[in-house]
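What follows is chain A paired twice: with chain B in the first complex and chain C in the second.
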Partner chain A sequence: MSLDYKQKYSFGADYGTSFFKFGSILCGEEPKMIENRGYFPRNDNIMHNAFGETKDIVVGDEVPLYLQAKEDLTENLIYPMKNGIVEKNNSRAWDVVKAISLYGLEAFEPTDNDFEGFNIVASLSSIAPRYMYEKIFQIYKEINERRKLIKAATVISQPLSVAIAHKVTTCTVIESGHGNTQVCPISHYPIRNAIVPINRGGGDANSITAEILKDLGYSDLAREEAFVTRAKEKLGLIPVDFEKSVAKAKKHPKKFKNKFKIPGTRIVVELEENTWTRFLIGEYVFDPNHELFTSYFKRGLPKPKDIRIGDLLFKGMLDFGEAIIEAVERCPVELQPHLYRNILLSGGNFCWEQPSMQLKGLATSANSKIKLLLRKKGITNVNISMTNEPQYSVWRGTIIYGYAVPENYNWSWEQLEGWISFD
Partner chain B sequence: MNQSKKIKPIISGQVIFNIITKESKLIQFENILEIFKQNLKFLRRKTGAYIFSGGIISNLDLIKNNNGSLTASIRFNKAKPFFLDNLTSTTLSNFNKNSLSCSMKGNFDFDRIKNYLKDSSDWFEESKKNFCAKKRYDKKKVQVTAYPSMAILNLMCEFNGKEDTLDPNSPGRIIKNLSRIGGGTT
Partner chain C sequence: MIKSNDLRVDEYFQSRGMQPLDISSLGLEKDNLKPDIAFTDSNNRIFVKIIDSGPLNERSALLDAVMKSVDFLKEANAAYLLLPKLYASIIDGKLFYNHGVGLLTYDKRGAIQEIIKPKIFSQINKENLVKMPEETLIEINNLNKRIRSLEQDFSKLKEELDELRVKKVNIETNEDGPKSYSLNAEIHDDAPEFMKDNPWIGILSKRGKD
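Right after this comes the complex of A and B.
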């Protein structure tokens, strides 16, 4: 596996709870992204038999073309991961993981003669148990039995991948995706005993946005995830001080005015006197504990629950500041200042537009908000950076890792690093 | 006449070069960065990325080879053709040889690109509609790989010595040419 070969055929695969981001090194700096889900079409009807549509499982951009009745979705549309974890014996979920892996590899299969398979770096949640590593390697082996698409494979944790992408070896990574958030201290390797997982991510911000839209009279649209996501991105604001920002917006709603039109439609969303609700979206992501949210919970907004997966407790309502402190305080005292001094924010849940200058002192950025949450708890000497295009930083780290790790570095189950060769 | 909107592709990729001087052990990440800062207009740093006029260096790695030499890998993003020309000429002036892999992401007219490349050497096409060819630009052979379903066009080529980047072989020129054929602008 020469450097020339790796320069052409390194492949990154980031298995997020909601999205699978993948692509070869030749992708440039942005991977291809599909939903991490698979649809099992019913193959017992006339259309399937008459037109020869005999796919057992559909993944990627084709999924919407195969969807059948709504009632059918819960049974046949499978999201394999819950909080980054696939249940060990859930064979349908693993079939989806295999199908998306194959989909990604085939999409980038090169036509060159010298192609002997990709060097694939898979990235899993920092709390993924060992059986997930074993299963991923098993899947790659099965893919290769049909067609040689993989030359060597390795698996790294998502926070480590973020740290690699930003060349930081001692830091705290907060990787907040659509489904959940992981706070992971890193000192050359992820400190597994100190990881604090949170059962809250971009999907929860979508939920509160949907409630706000319902209150504004957009009930039908609030059921469409793509619309809600766009509304969240366009309308959401992170408050400096939640109560003060909301009070100000209630008093001067015009100052916070923002309307947006959905491209290609006639739909224009305007908040008018309810512009204060823009702050609900931002606050909910970082700290959902304010009493204002209680009325939403009472009206049906699903409250992020504490859930136990294996021996790990995913807290639902933990604010991000508290979560960082909890994670860092599980590490040696000498290391703690270094972990606070380098906090990296990564993941799509941190993709927020910079507030306008007009809102200075009322709305802020994600890193400033975390800084404020930590300051409230007495932690001051912190340095927080937002990764460049945070939704892609895990994938970028996999590409750099795949390129930089020497080919003779064999996989070690003790260290969970190195290459497994498929030659 | 209706004029369709031009595609503006996102250009990103990687330049690699070997450092085989006796002093290679002394060469650090900062030294290489300094060379770039002298030759490209540096604007600012942003969380591990270095923002220059016309492009971003998102990552710079030094990889130790088995024989003790070093390979430098520079990943760039959101590049303009002139940035790529400057980047390659800077590495060639200092390290004499480099290999460039560059991707353009955009909804090109891949059929037109296919027609343009079809008569080139080493033409391959496979069932997923990806295709690949080696196209000659004057003395330079450039490997072009297209992934139509992913809207990606990739170029790979090697440059030897400073004279290699002179027109019409400069990477910026080649990129502009291919982009134009696919209905894009740069």
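Right after this comes the complex of A and C.
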């Protein structure tokens, strides 16, 4: 496997909970992206009988064309991952993973004579159990049995991929997606024993946004996830000091006024006297422990729970500052200052609009909020940066990994790295 | 106005691997066969007639110069006419091609340019070629040996450079962190930005070798 071969046929596959991002090294800066889901068409319906459709599973852009009745969706539209994990014995979920993997590889299959299969690097959540690694390799083997698309395969963790993509070799990566957040210290390798997973992500921020919208009289809209996400992004503010910011907004609501119009509709959301609730959204993402949230929990806002997946406990209410400290303090003392000095924020849950200058001192950015949370706990010498185009970071890391790791480095179950050859 | 003495004809031919010949040692009896300057590349003798920009004021004089150059071919394997660039435009190139004479021009700054290549004629009395002195031949042999040795060294260095391009070791001191060693594999210019200057490439390329 020469450098030239790697520069043509390295392939990255980022298995995110919501989206599957994939593509060869020749993609350039951005991969292809499809939703991480699959639809199992019912074979007993009229359309099927009339047109003889034989697809067992549909993935990618075609999915909406196959969708049938709403009630059918729950059963047949499968999102295989929850919090980055696929259940071990959920065969339909694994069928979807196989289908999206094949979809991605076929989309980039070259016709060149020298093609002997891709060197595929799959990226999974840092808390993915060993059986997921085994299943992924098994899927690749099955794909290859039908058609040689893979020459060698490996699996790496998503936070490691992020660090690689951002050219930082010693750092702490906080990857916050829709379902959960992973804090992972990295020093040339992911420090697995130090990973702190949190059972809170962008979905929880959506939940509190929905509660706020309900209180404002937009109950119908609050049920539509896409609308709630847009509202969260447009209305949410990260407070510098939650209590002070809320107090200020309650006193001068007009200063925090922000209209949100849903594109293509006549609906305009205005918070009027309740502009202070904008800070609830931001604070909840970073630290949901303030007593103000208690009333929301009592009224039905699902409280992020502690859950156990495999050997790992996902804490629901851990604030991000505390989570970073917990992760870093599991690492050697000598390393700790370096891990604080390079904190990388990645994932859609950190995508917040920069607050206007008018709100200076009251609203802030995700970077500054983390800095403030750490300062409260006595950690001051920190440098926090936001990844560029966080949705592509993991894929970019996989491409570099596939390109750089020597082809003769065989897979090690102890190290969880190296290549499994399919030659 | 530039004169033939100002021209760096020697330099022009020497830069093409030729050595000047001492015309008086060539045994040329007839004046019309004597060139203004002559060179050899060891196998061939090349005569050059130089036209100053001053006296050439008639087309017939130019033709005369061309014909004289043709005469050179009795004693040389190739002949050139070197004349001011300005006059090149009034000459019919066919005249040169038909007779196998090469055409060189020079501009106001004395820069020489080959406009028409001469034909190389092989039928020349080899005895007329200048004989190299013994010590010169020894010197040339020595130079040949040195060139071969340098070529071998060059090939070796080129191979090493190619290897270094693939695995370029940089030892860096990072003020913000511990000393780190990075090994950068060669990245094409058209590679994506996230791959360029990425220290992970060096780190990852050592995996399995540690």
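To be clear about the criterion, the second predicted complex is superposed on the first by the 408 of 423 C-alpha atoms of A that agree within 3 Å, B and C clash if a C-alpha of one lies under 4 Å from a C-alpha of the other, contacts with A are read in each partner's own complex, and residues count from 1 in each chain.
Here is the rule we use: contacts are C-beta pairs under 8 Å (C-beta built on N, C-alpha and C of every residue); 3 or more make two chains touch, one makes a residue touch a chain.
All figures in this text were calculated on a predicted structure; none of them were measured in a lab.
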item	value
Room on chain A for both chain B and chain C (clash or fit)	clash
Which of chain B and chain C A:R341 touches, first, second, both or neither	second
Touched partner set for A:I267, first chain B, second chain C, both or neither	neither
Per-residue contact with chain A, leading partner among chain C and chain B	B
Which of chain B and chain C A:L313 touches, first, second, both or neither	neither
Partner chain in contact with A:H188 - chain B first, chain C second, else both or neither	second
First, second, both or neither for A:K8, with chain B first and chain C second	first
First (chain B), second (chain C), both or neither touched by A:R396	both
Which of chain B and chain C A:T111 touches, first, second, both or neither	first
Partner chain in contact with A:S385 - chain B first, chain C second, else both or neither	first
Partner chain(s) touched by A:G28 [first = chain B, second = chain C, both, neither]	both
Shared chain A contacts, counted only where both chain B and chain C touch the same residue	3, 7, 28-29, 165, 167, 396, 400, 403-404, 406, 408
Residue ranges of chain A in contact with chain C within the complex	3, 7, 28-29, 163-165, 167, 169-170, 188, 338, 341-342, 396, 399-401, 403-406, 408-410, 417-418
Chain A residues touching chain B - in the complex, by the definition given at the top	3-4, 7-8, 23, 25-30, 32, 106-113, 165-168, 344, 385-388, 396, 400, 403-404, 406, 408
Residue ranges of chain B touching chain A (in the complex, touch as defined)	10-14, 16, 46-49, 56, 58-59, 61, 63-66, 71, 73, 75, 77-78, 99, 101-105, 122, 124-126, 128, 130-132, 143, 145, 147, 149-150, 152, 154, 156
Complex contacts: residues of chain C adjacent to chain A	166, 176-178, 180, 185-186, 188, 191-195, 197-205, 207-209
